[in-house]
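What follows is a single structure, and I will ask about it in a moment.
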Amino acid sequence: MTSDGQKMKKVEIVIEAVMLEEIISIIDQAGAGGYTILPTVTGRGYRGYRSGFELTNVFQNAMVFTLVDEEKALIISQEVKKLIQDYAGVIIITDADVVWPDYQKDR
Amino acid sequence: MDGNLLTNLVDPPILFFFFGIFARLIKSDLEIPPALTKFFSLYMLMAIGIKGGSGLAESGVSREAVLIIISAIVMATVVPIYSYYILRMRLKNLYDAAAISATYGSVSAITFIASSEFISKLGIPHGGYMAVALVVMESPAIVMAVLLAGMVRSKLALEAKATGSKSNRSLPMKKILHEAFTDGTHLMLIASLLIGVATGMEGKKTMSPFTADIFKGMLAFFLLEMGLSVGSRLREMKEVGVFLLGFGVIMPVINSGVALAIGHFLGFAMGDAYMFMILVASASYIAVPAVVRHAIPEANPSLYFTMALAITFPFNIVFGIPLYYKMVTFVWGA
Amino acid sequence: MDGNLLTNLVDPPILFFFFGIFARLIKSDLEIPPALTKFFSLYMLMAIGIKGGSGLAESGVSREAVLIIISAIVMATVVPIYSYYILRMRLKNLYDAAAISATYGSVSAITFIASSEFISKLGIPHGGYMAVALVVMESPAIVMAVLLAGMVRSKLALEAKATGSKSNRSLPMKKILHEAFTDGTHLMLIASLLIGVATGMEGKKTMSPFTADIFKGMLAFFLLEMGLSVGSRLREMKEVGVFLLGFGVIMPVINSGVALAIGHFLGFAMGDAYMFMILVASASYIAVPAVVRHAIPEANPSLYFTMALAITFPFNIVFGIPLYYKMVTFVWGA
Amino acid sequence: MTSDGQKMKKVEIVIEAVMLEEIISIIDQAGAGGYTILPTVTGRGYRGYRSGFELTNVFQNAMVFTLVDEEKALIISQEVKKLIQDYAGVIIITDADVVWPDYQKDR
Amino acid sequence: MDGNLLTNLVDPPILFFFFGIFARLIKSDLEIPPALTKFFSLYMLMAIGIKGGSGLAESGVSREAVLIIISAIVMATVVPIYSYYILRMRLKNLYDAAAISATYGSVSAITFIASSEFISKLGIPHGGYMAVALVVMESPAIVMAVLLAGMVRSKLALEAKATGSKSNRSLPMKKILHEAFTDGTHLMLIASLLIGVATGMEGKKTMSPFTADIFKGMLAFFLLEMGLSVGSRLREMKEVGVFLLGFGVIMPVINSGVALAIGHFLGFAMGDAYMFMILVASASYIAVPAVVRHAIPEANPSLYFTMALAITFPFNIVFGIPLYYKMVTFVWGA
Amino acid sequence: MTSDGQKMKKVEIVIEAVMLEEIISIIDQAGAGGYTILPTVTGRGYRGYRSGFELTNVFQNAMVFTLVDEEKALIISQEVKKLIQDYAGVIIITDADVVWPDYQKDR
């Protein structure tokens, strides 16, 4: 892959919007350096269509991803997996080459 | 029902509600942007709060006001309990029973608004403290439902003992209470009420071009969105089933009857009794689902949300509003 | 043109339109959030509908009303045909010709509003059924354009025979009709009209603080957004070319002339004739592109959208509105 | 990759907003277990800049992704490819490790 | 301060501001959708512009108007300079000093509105040209700050010579000027002013149901959002530190004093002098940060944005508005 | 990977919303065939939480991705890397199989 990138895991999580905060606290507790939120996505899955155009955000999804090393990816996916027994959601893990500013090389 | 009562339905906002349902049924792509829906809903609460609060500042807190507010809290606590026991007669998933109970114990601000418009048109006044009753009824039902769900959890844990791999992921009561009381729409209503009390008739006058004059237009848009939402939920009706459908139309009538009895026993004025019936008969589809989804994750939101929004709300708007009026005039003898 | 007529332009909403164009030309980052734009556009349709519908309830359906509505449907069907034949004289891509024809056969609600404000200021009334004419003109043009595009497709298929690797991905007519008739903005206008008819003067009065009093302000914001959109499209003008630019300004004048002749022949009242000219002269930049993008995917939206929005719309607002008025007064002899 | 994930394809599709429904029906017909929609994205490609800030959604894009096995990924990308001859759009396929709730393991 | 002055605070919009702060502090999820916030902010500018412009059309441009506008430009240029020299006494990052200076040289339209409401309630008029002063004060401060930052950059480059790996990524002056003058909100205010001038009392009358009657309600929503924003910024207060906190409350008072002296020396009418004090005392949290983030990327926005929004804005609303009134009446002897 | 796709790099960039234009001009100058923008995302990183719900877009992020060959990916990531010394942002590079319409095969 591109030379100066750092090999990391990109862990993407689609989740019910009401659970976004718990997901973020899982990510934080795993010691991730950060995360990015896509605040409103919609979708269909095992639990049917989640339209996101209702009066309540109960039927809305959010998406968040975090760039972490393999070990943290495992911790996060295990924790989130427990949550998505009860809540709509899915976890997607891909390999990624991440480029940080120089002064953040130590992540 | 005489023609007079059906005039409730020949009102632009109500007609836009039906239009919304229709548009969804014919699969139109009509859509109110979610940002606007959220704004309209905050606007409605501001309007109720300013009106109720300034009315309260004017009238002061009467003995009847206190009685009504206490009755409201009591009913918001008791309705979930008897609802739960009725529901568990037929529902297998007791978490669903607890969650549905919460929505019926709590209230619908838009039903409150529509009834208030209806009864004001008939020239019957009601007190500013009815908005306070609206406020205090939102949360107790949630607390009750969570207690019921806790009961269910303990029971199932006992039954299942070692089987329980699916750990209990419900929130601690403290966090639930925080959510129930700091919910944005809930706070908006409380704040508007307090601001209405603090600024009185002066404040009301300043705000009324915004909160009163253009109110009907904003309501028309909001009810249009409600109609669209009801329309899309109608497809999930088969999931709800006959028993819950029946519950969704019979329960409001029973609840309004209980409220009527209390109102008569305690000697409420007719307008207040009517609004109290409306509060008890309505079910929550905004605040309660938002909290209960966290508090009772085991319950299926397609059930409790659909019942409150797509069954009980339209039932109250179309039949409930004139029916409860018939009931109250029958007893009070207007 | 006398000064009197230019007063059309010294109106805050119209000036905000020019400001919008200017802001884009100097590359300002000014932007109306899309959610608001959508809301304003639904609001405009609600306002037209309530006003027209309640007017109709008042006046009833006259013989002239029926004549006007029939004429409207006829013109919405005929304009695309002759437009297409004019366009194909110079356009190589016949799909573009079909799509452009659709926009010119259909109508612009905002041009309708601006003209209605203009003529009302001059004290000349027009019937509530003009809003019905606005409604019925939206869809026939789409149907015509799709038929024309179908003709083109067959012809090209014949010519190309085995070459045709690019399979026909256009929608079946049934789906196009569904889209044309259930389009959200289209339904909103129809529903508002019907609600206006059903609730009459009473409904109008209830809604008017929202749909009439603050109308000019909402229009100012909507026209500002229109100006911004026109401004950003202006850069794509060179793609449009001299021929289409000429079409975009001459066609409305021709169309208004035809409408004038029909109106005179059938003996319309002057205000109605004027509004009929406006409808026929205006081009659609909201509903038609949304459907035609599906129905004639081979056509380039940068052409038909830009022409309707960035050429014909401003031309009508600035020159058309007073010009057609000159024309109608010349014939009716006001 | 992370141990308990299922190896799948993430098929991402950027498409004109007006074509979102057809894309979804392609995904459904291919038998995908679900999809996630990012309702408003903008972009530039072969067909120029698509700003998404106009009065009409004709110049707007949407994005959708679905997690599927290799075979379905192929079917979907072939079907969508036909559509993007006429409409702005692009298809992106990446390898992903997907974690589902336990009771959905059979996907 | 007598009770009379505190009436400023017992106004629904102001109370909604405090409610917003409170809601954030108790971590409520209350939220105004960003699209609406943007709309409200454009609405406010439209309202100021139409009102000021039509007033100007009525009154014409007096000698005092010219003096005030010149003074406004001078103060917007001078305030950043002395602010910078005060700030660099303690701040290590000189880019931060330059950026903060820009926000204090510029102005806050909402503070202007709140003061205008306050003083109008007391029956003291001010000229339409004060809105022009608001306009002309926005940009000079940005230019000054960029010049200061340029100075810093040259100095640091000299000091560091070969060390400088972090290349200068700031924008060229031409682009900064473009951004400062074409900033959407800035243009909206200018355009509304000009439209107000062009359409005069007629235009004002047409627009006033929208721009004046429902104004207080829109302001209530906007101030609620401001309160929410202030509330979330309060957590970043420790980053700001004691020195800057002190700067954020003392600087406005000093600035208002300087403005008072100028106003007295040049013989402004009391209402104009008061509004001039407000302009000079207020700090910009919308336009300036948007431009300065590009123009001085080395500066930390958490500092300059938080100071203007979460310290100086609430200080002015709560204490500044009555305090500057005390000051002006003390000198003018009302 | 899926047969008819072209092997490319997907370069995703999360950046302060105010810098979106510079990022796009970097992408353009590198000769990329296009890009897709996710106009409003929020997130946390080295520079703290960027909420996106303020009066100014100074605290808002945007996300953009471009599909390019390895060489261009390197150029873009190097250029963007310079920018994110001063501005909040991160660069993520993944392998992707991209399917274009036939007439664009020459990208």
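Going in written order, the chains are labelled A, B, C, D, E and F, and every chain counts its residues from 1.
One rule holds in what follows: a contact is a pair of C-beta atoms (placed from the backbone, for glycine too) under 8 Å apart; a residue touches a chain by one contact, two chains touch by 3 or more.
As the structure is a computational prediction, the values presented were derived from the model and not from experiment.
Enquirer: Go through the assembly and pull out the chains touching chain B as well as chain C.
Expert: E
Enquirer: With chain centres set to the mean of the C-alpha atoms, which chain is at the far end from chain B?
Expert: Centre of mass proxy via C-alpha means gives F as farthest from chain B.
Enquirer: Based on CA centres, what chain would you say lies at the far end from chain A?
Expert: Taking each chain's C-alpha mean as its centre, the farthest from chain A is C.
Enquirer: Could you grab the centroid distance between chain A and chain F? Build each centroid from C-alpha atoms only and quote it in angstrom.
Expert: Chain centroid spacing, chain A to chain F, equals 18 Å.
Enquirer: Distance between chain B and chain F based on Cα centroids, please, to the nearest Å.
Expert: 46
Enquirer: I'd like to verify one number: the distance from the centre of chain B to the centre of chain D, where each centre is the average of its C-alpha atoms, in whole angstrom.
Expert: Once rounded, the distance between the two centres reads 39 Å.
Enquirer: So the centre of each chain is just the mean of its C-alpha atoms; given that, what is the distance between chain C and chain D in Å?
Expert: Centres of chain C and chain D (C-alpha means) sit 35 Å apart.
Enquirer: List, in ascending order, every residue of chain C touching at least 2 other chains.
Expert: Within chain C, the residues that touch at least two other chains are 31, 33-36, 209, 213-214.
Enquirer: For chain D, which residues are shared contacts with two or more other chains?
Expert: 38, 52, 85, 94-95
Enquirer: Using the contact rule from the top, write out all pairs of chains that touch.
Expert: Every pair of chains in contact is listed here: A-B, A-D, A-F, B-C, B-E, C-D, C-E, D-F, E-F.
Enquirer: Would you pull the chain A residues touching chain B in the complex into a rising list?
Expert: Against chain B, the touching part of chain A is residues 16, 18-19, 40, 48, 51-59, 82-83, 85-87.
Enquirer: Report the residues of chain C in contact with chain B in the complex, numbered from low to high.
Expert: 33-36, 38-39, 42-43, 46, 50, 178, 182-185, 187-188, 191, 195, 198-199, 203, 206-207, 209-211, 213-214
Enquirer: Provide the residue numbers of chain B that touch chain C in the complex, in ascending order.
Expert: 10-12, 15-16, 19, 22-23, 26-36, 209, 213-218, 220-221
Enquirer: Going by the contact rule set out above, which residues of chain D touch chain A in the complex?
Expert: 1-5, 10, 33-39, 67, 94-104
Enquirer: If we count contacts the way the header does, which residues on chain C are in touch with chain D in the complex?
Expert: 31, 34, 37, 41, 166-167, 169, 225-226, 229, 232, 285-286, 289-290, 293-294, 297-298, 301-302, 305, 309
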